[in-house]
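Each in structure tokens, the structures are laid out below.
After this come two complexes, each holding chain A, first together with chain B and then together with chain C.
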Partner chain A sequence: MQSNAALEYDYSVAKLFTYTTILFGFLGMLIGTLIAAQLAFPELNYLLGEYGTFSRLRPVHTNTVIFGFTVSGVFATFYYVGQRVLKVSMAESKFLMFIGKLHFWLYFIGALLATISLLLGYSQSKEYAQYEWPIDVVIVVIWVLWGVSVFGLIGIRREKALYISIWYYIATFLGIAMLYLFNNMAVPTYFVSGGLGNIMHSVSMYSGTNDALVQWWYGHNAVAFGFTVPIVAMIYYFLPKESGQAIYSYKLSLLSFWGLMFIYLWAGSHHLLWSTVPDWMQTMGSVFSVVLILPSWGSAINMLLTMKGEWNQLTENPLIKFMVLASTFYMLSTLEGPIQAIKSVNAIAHFTDWIPGHVHDGVLGWVVFMIMAGLFHMAPRMFKREIYSKKLLEAQFWLQTTAVVLYFTSMWIAGITQGMMWRAVDEYGNLMYSFIDTVTVLHPYYAIRALSGVLYLVGFLMFAYNMYKTMTSSRELSEEPQFRSPMA
Partner chain B sequence: MFHWLEKNPFFFAVGVFLVIAFAGLIEILPNFAEASRPVVGLKPYTVLELAGKEVYKKDACIACHSQLIRPFKAETDRYGQYSLSGEYAYDRPFLWGSKRTGPDLHRIGNYRTTDWHENHMWDPKSVVPESIMPAYKHQFTNIADLETAYAEAVTVKKVFNTPYDTPNGVKLGTWDEAKAAALDEAKKITADMKNQNVKDAVAAGNIPEIVALIAYLNRLK
Partner chain C sequence: MDIRELQGYASFFMTIVLVMLLYGYIIYLYRSEKKGEKDYEKLGKIALDDEIDSKPINDSSASPSENKEQNK
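Now for the complex of A and B:
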């Protein structure tokens, strides 16, 4: 048996991705806050001419927070967690070190090009798959490089049994690869037409209803393999590490993992209820969405029970607070989703603000909280300094929690109000409201949502500042903390 | 079995892939051919309409507008006949959207006119005083990319057998023919418009984005 005390892990790639997590997180949330404000105050549409309208910026927001912030966070934590649970250092392989750095720089350049292409209006108009084919090719190369890193590290591992987090990282790699490839199948028109028109342009391989099915098979499961699977990988590592508690149940983690893998992919068609997709597919989507509660809650409950007997840590350690709240929001969000997937509920909820409300209690409460907690746990170990300020961390926690609550409550009310108004009829069976009536009524809720965006963004800046100070000027640590992260 | 899998990453990965892959196969493949069939009488988009669809995609109208009328009385009263699968047969990509910050547009061509769209894109509040939609004035000066639209039509004809150049159908022809046809079509639209710069541009052989977009929106019926 190798003693892991002798291993010096190399965090250079993890650090690079930590920087981009913070950078893209800030940019993505800034744009998100701006477009939220545009819905309440439309004059804000004219700040950047053609490039500043809500419609042009919305894909920039979604793609920056998904492929910029979240995916950076996934890579950062993988390059940290991967080495530690596989008991192997990046420094041991020149090849993997090279691949890791290439992975980062290609990712960074690719992200900039991708963002510019969206601002210029190059878009396939498929949600979360807007990038045109040349950007897609770059993304595939980046993803393959990450795959080489994942399986390369696994290939030279000392710890033979793969820890739970690694299962989830492998699934992230495979899931996104499969979904992204099939959904982005497109024919570049420049080559088929013999050199006419714009080289960036392509046309989807699928049309109409088929395109819708493939897109939402992708769209729903990109959420699965981008916002759920790798975040679960993080919490399975960081919560036990930070608390010093062993995972509550191995069997529950098995059931949750394989259950999630099997069930999640079926649920995509719940985005197409009451559409022209055949009924049996819609019903499958509904049914599997409800069954999906089991593996989702399985993971969340496993996490909460891991804290059994140690709940005092919740008051003592703000990072535990972040992670416990994250699993709680995960439970809320994975209950809310299935409720919206019931056909009669969906008839009201679909097309309304309840949907972005649902997305954001998941991402703001679960994804962002977990990634920030993970990076805070990594920082003292990577930079060998204690966390700069516990007070700031506490203040950030309450500010952002308030912001999330404001976000989803306002959007629940807005969504259900609008959904009910669209279908309201008077005693003679005539529609009671014109469409614009159902828009003006939403103004206060849009204003509250914009405010919640500002609060959350300020909280994120507090996180960025705390991280920056931790990296540069906090008290140095003489040895690596074992469990609880030291903070001033 | 699980303990064994956790020590054998290759088989673990194969296992994960099998478990996640077959849901897609079972849900998407069986109906694939049937869902590709057009309704009777459906015509492919003209080059100008395709250029308009590109404007619709470029300015991401999909962020706020759906093109899917669900089979409820409240929706058919508001927007018209509920949508049929075959109506989308030539839509690459599909543009159903997922959020109605503004109303559905699947049959907008039935109840809105060229001049309404012109006023609305220039200043939405001029026709809907409480509108929160931004103005799209740049569409009146940006020139639509007709050549790319033609390239798209050629591509779908070659690769997916979209029925262009059929008797009584939409004629595609050569690039020069297609360009002339698009200009004729554009002139019919500008006849109903008042913006002099747009009229002048079309007369000079350049079609502003707004004209192409209106051609596309008028086609949605």
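Now for the complex of A and C:
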């Protein structure tokens, strides 16, 4: 392909996915805040009949924030970053443009159908894999379309070397494809029974302990390839680009990549410590979880060192602040996870609120912060307008940081209290507390978590408003900013 | 030896092999840069200089020998 002076990057698909990132982020976090409040104030379960109960809404929350918000963010950033680091425009291929738009619309319709199916109570009853088989089929098609876009863009690239972010996007594509297919292997009962029962119903191809192992191999690695790998792809592009500093050590980024790929896939069995899976497998899960600190911190430290000599930008540019905090939360949660995976610690932590605490310091502090920072960086380039308000951005940063701290500290205290109370025995070996005793003690912490949800949601609305104003009424830019994103 | 024990041993030896591969890769990265065959650090510039009309760091239309020259 020849260079063309008038050629520009085409962000139409990236823009579409940006809109869904904001929409699904808001909906997912709204439901999350509601169910957090339901845990503190159970009467809130009865707002919408069967559709408003915790058990119905909890999968809607998790699936909307994972497959709605995060995956939209991954697609939006890929359709932006992919073009730029491969130095090729979507406009150069009508085929890829068609696939990109088809990818978006099928995704959008699929997401609506999937959410409705969960609200109606259709579920495989596997955590983060609740969607029934017809929805799974649609998801596979959507994923394949994304794969065509990824490898299609790579196929027509001008830049021969694949930038490290592209490696991470490829790993996201392959990792999720493998995990999703294997964990969702199921037999639709309607067809094998000759037309009996509900057409949506299916039975997993695995059973018992095997089912648990496959499920947590999937569940943990969905965190790996959904919440870690693509987010690392984002920070490897957006932090250097926004700060104007190349990655501190490109070699370290390659090492961390292969280290992460090698180690992550073995750590899933830490979800099944003290259960009926073979002992060696539990030990393997523990050991690999601890070793996982190395590649995770390799990436995070590489990002912090990228700011070497440029730390003044932390005070001057709120987007750098978002990304540095995201990187720091990545370090915190990738240290906390291995601690929880140590068998003796897990004996206390398992099934307690410390676990959602851990998940949320990772997702709220790392995933959401990084996606928002990425979209804020993209907005002036996609819409050719400066970011609407720096003050709003600063206020959002502090509000949401406070919310994350309130969330994880309350859940640390709640979780450890809960774990200790469940284990406490009197001098005769009888359990000292009944379950309801723990609930009474934990109530204030649940209320704090609900409050933190409200704060975080308000912060997200500030982000959505800032993005909306940036798209529509902010000052127009005459030329594209090279590094630092302009803001009013 | 039952199947579970076999799985355990297989997992152990596979881990050893993969560790060796990973360390081999580290050695390869540093050795090839030291010999001047590759320059990985310049690839970091791909993110900074990413205009559609800016010169690719490694040009995909260039012949392999030209790229080898560029890598030095």
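Definition applied: the second predicted complex is superposed on the first by the 481 of 488 C-alpha atoms of A that agree within 3 Å, B and C clash if a C-alpha of one lies under 4 Å from a C-alpha of the other, contacts with A are read in each partner's own complex, and residues count from 1 in each chain.
Rule of thumb we're sticking to: contacts are C-beta pairs under 8 Å (C-beta built on N, C-alpha and C of every residue); 3 or more make two chains touch, one makes a residue touch a chain.
From a predicted model like this one, the values you see are computed outputs, not experimental measurements.
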item: Touching partner for A:284 - first (chain B), second (chain C), both, neither; value: both
item: Touching partner for A:160 - first (chain B), second (chain C), both, neither; value: both
item: First (chain B), second (chain C), both or neither touched by A:59; value: first
item: Which of chain B and chain C A:425 touches, first, second, both or neither; value: first
item: Partner chain in contact with A:351 - chain B first, chain C second, else both or neither; value: first
item: Touching partner for A:236 - first (chain B), second (chain C), both, neither; value: second
item: A:84 touches, of chain B and chain C: first, second, both or neither?; value: second
item: Which superposed partner A:217 touches (first chain B, second chain C, both, neither); value: first
item: Chain C versus chain B, contacts on chain A by residue; value: B
item: Touching partner for A:95 - first (chain B), second (chain C), both, neither; value: neither
item: Chain B and chain C footprints on chain A, overlapping residues; value: 160-161, 254, 258, 262, 266, 278, 281, 284
item: Interface residues, chain A side, partner chain C - complex; value: 3, 5, 7-9, 83-85, 87-89, 157-161, 163-165, 236-237, 240-241, 244, 246-247, 249-251, 254-255, 258-259, 262, 266, 278, 280-281, 284, 483
item: Chain C - residues contacting chain A, complex; value: 4, 7-8, 11, 15, 18, 22, 25-26, 29-30, 33, 40-41, 43-48, 50-54, 56-62, 67
item: Of chain B, residues touching chain A in the complex; value: 2-3, 6-7, 9, 12-13, 16-17, 19-21, 23-24, 27-28, 31-32, 35-36, 54, 56-64, 66, 68, 70-75, 77-78, 83-103, 128, 130-136, 138, 142, 145, 147-152, 154-156, 158-160, 175
item: Residues of chain A touching chain B in the complex; value: 38-39, 42, 45-46, 49-50, 53-56, 58-59, 121-127, 151, 154, 160-162, 167, 170-171, 174-175, 178, 182, 187, 189-190, 192-193, 196-198, 201, 203-215, 217, 254, 258, 261-262, 264-266, 268-269, 271, 274-278, 281, 284, 347, 350-353, 355-356, 422-425, 429-431, 435-436, 439-440
